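Each chain gets a letter, A, B, C and D, in the order it is written, and its residues are counted from 1.
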């Protein structure tokens, strides 16, 4: 394991502290743990909270700021934060308009956020939540855990955050957040694994000519492994799955080419070159493209493609001002 | 069967065992999950250990609740709320006693299982910790009712839990991270069932 | 070599095309080669051009846009672009205010940009240039090539770009650019090497417990190798060299913690945590911090620290509006 | 010594040699530079090869200039402008001739070296291509003046160039990327000197 760090036990805390020291005008850390809130609390709006395990930077702390989140709670690497931390976050940001939690669909995340919501509701705070589940690599089923929440979650932060900033009600912000969830799909792949610091070695292995298709953002196994193909072929493989899941034809979309952490921007642009042509050929209109590291998996090499189906409401909110450490619009 | 002092000793031993098997549990979670179960549990029980000295004057119910709270607020992930709820419910079921017998243990265990089911929206056969705990509970209850011998009962429980762990290899996960794998989860044992079985084994060998 | 690409010969072109397709409102590509210019040419200002080998993304194409560059020319990976391409770029952006070239100090870059300038001057275009040389890992000497230009170059783009945007004269923009060059110092390190696609294998090797201190942005050897130390120790090692080179005491600085391409943001924040404390202890005031991938080395894992000594003029220009694909202020 | 047709043949052979030694040159550049010299030169000469058919009716000066232009606009890096300038200067020195003799060659080579010095702000002993070219030029000139035999002269030139390449191992680089290494550059041969020597060898074996 080759990492820039001091001691395995402290990576999450030092990371959060290093982040807050970099952006003191944007964010501050609560004393109770790895909980980041806006430097200046804004009243009169629905407060947005998200979070999850660490290791997905800039998610979620990087998205705290005007037009996006009010709070991000960071658990241990790849491990959901605990209810008490989330509860402290909720209390710090709650306004009389209520709190919306944006939770990625993992058993642990959902349970911990639910427990925190119960605690906050006990205090009389109005809490609702959406669960993001954009990963088309896994089957969606009512009888199982359903799909994983991955990079598409960033679109929920952006758009629900913009809606909240308008002073809309909790129901309205929840509706818009759910609309994003309903219209965004993602699929990813990996060339190399990632290493949880506390584990000290990679979570899986891939041979020199192998890739994993449909990988999760915690290095969870995907749909299958195969020999590495060209960037164009890989892009088509993922896009075929995404566009088979919901109907994008004739629609406008926002595209996110999300790097997993160790992927050079050069490669993400090469991928986007094909994604653009594929969508254009299918008559899907690209409204806006985001290329970069938005929801990473520590030092994994790989990427995901997210497509968000837009309508005029979502377009307007996507274009609204955002001023956070990792996302400026 | 046990008093507060003995309970504290058992909890200490469970923690030692979890620390020892940290890598093993993580390794199991690598294959069908996200490779952190051992890390999570070890972190949680280290925190529990730190609190052991505070427990010495407490009743059994309070101790178990405090263990549950410590787990909830340090483990994270899926196992944190689940084991946390389990210990808290167990504590609530036993209440302010300073001694517990086999019946108390079984009542507490039943409450713990109900807590996991409620929190996890899960039941037997979904390739989770429940697949160790529920068969263990059933076997213990049967044995204890027949012989009124807790040592014999816990042996039966461990036996059933081990079988349950083996059984998790044969089924598809439908809850937790492993469920994302679908059929690819077959052939691999569940980390949470394994950690649950480990705890029962420690109880067995501590009595 | 595990890379998302199609064919070694086309990586640079596909990368540039993928980038232009992602940001059509910001940039467009010239037909003559991998030359990127602003989507909408702005007259009445000094035009800024930079560039160099590819593999440093988002540098330099990501910095084309309002408040920064007018043109970026991308050579083959790690290889200076050729004079004819640079010349086409200059012609496309030249205004009656003249053109400033920002060149990183490498023999090849300097020669190719000089040849292009000679060609443009032959057409009557007023061309000046600055050479960035911020890397304190190599000795500065009049009798050799001098120091390498590395991540500090991004500050030149930002600040000279802001100055140009005010309508200042070529001499004035040149003066400000040179002031940044004179006041910025950088040093980097690597945990893992990078692979030029056309070479197919890493440019150097590091064993599992080794790091290279003072590495160049093309994987050029640094000052030495040693066993990996903690993030804090490494940060101190680099900061000691940087702060020994020019006097920052009592000054305000802009800090850049620049990832080399494969470094997780988590690790950069852990580094920043120490950098902040070190500078604060030394009485150096941090005016602004930038953490991220600004001047990468393909998929190298590592980072550099840049410190820019500020005065009120530089602060104002650093804060001025920038709207480019990779840098928004 | 040679006419336009023969020259085109030599240039083709130089390109073939460069393509063959691409990895070797890159490997040398890996150690003290940025690992692209072979790649750069191969890219440039591939472009030159594409133009060979256009050369057939041209004079020697024009051919050399066209080679230089192709190198300048495709090689990039340091070697592009340097070799490009060298070939362009050589072409200008020879002018519109269709045959060249040993004296023409030596004049052209002198002009090429001057071009490199001017463009690179460099001179002998700085661990660059000049450390192959200058000794080679001196040896050739001496031999040709003594014997008026170009084949003998080019043999002397190759010998001197090879010595020059060896010599680059013993000195510190003060120009080009390798100069950043300071004393660490000692012990390693210069890639540009090596490619220059390769070209002279091809000329030798083609005559």
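Here, contacts are C-beta pairs under 8 Å (C-beta built on N, C-alpha and C of every residue); 3 or more make two chains touch, one makes a residue touch a chain.
On a predicted model such as this, the values are computed, not experimentally measured, just so you know.
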**Report entry** Rounded Å distance between chain A and chain C, as computed from the means of their C-alpha atoms
**Finding:** 29
**Report entry** Separation of mean Cα positions, chain C and chain B [Å, integer]
**Finding:** 55
**Report entry** Averaged-CA centre spacing for the pair chain D and chain C, given as whole angstrom
**Finding:** 32
Query - For chain A, residues contacting two or more additional chains - result: none
Requested in this report: Treating touching as the only link between chains, describe the layout with one word: line, ring, star, complete or other.
Outcome: line
Query raised in the report: Which of the chains are touching one another, listed as pairs?
Result: A-B, A-C, C-D
Query - Complex contacts: residues of chain D adjacent to chain C - result: 26, 30, 32-36, 39-40, 43, 72-82, 119-120, 174-177, 179-182, 184
Query - Residue numbers on chain A that touch chain B, as the complex places them - result: 53, 75-85, 106-108, 111-112, 115, 137-139, 143-145, 148, 196, 198-199, 203-204, 216, 218-221
Query raised in the report: What part of chain C is in contact with chain A in the complex they form?
Result: 2-7, 11, 14-19, 21-23, 54-55, 57-58, 62, 191-192, 208, 211, 228, 230-232, 234, 257, 261-274, 276, 289-291, 293, 296, 298-299, 301, 303, 328
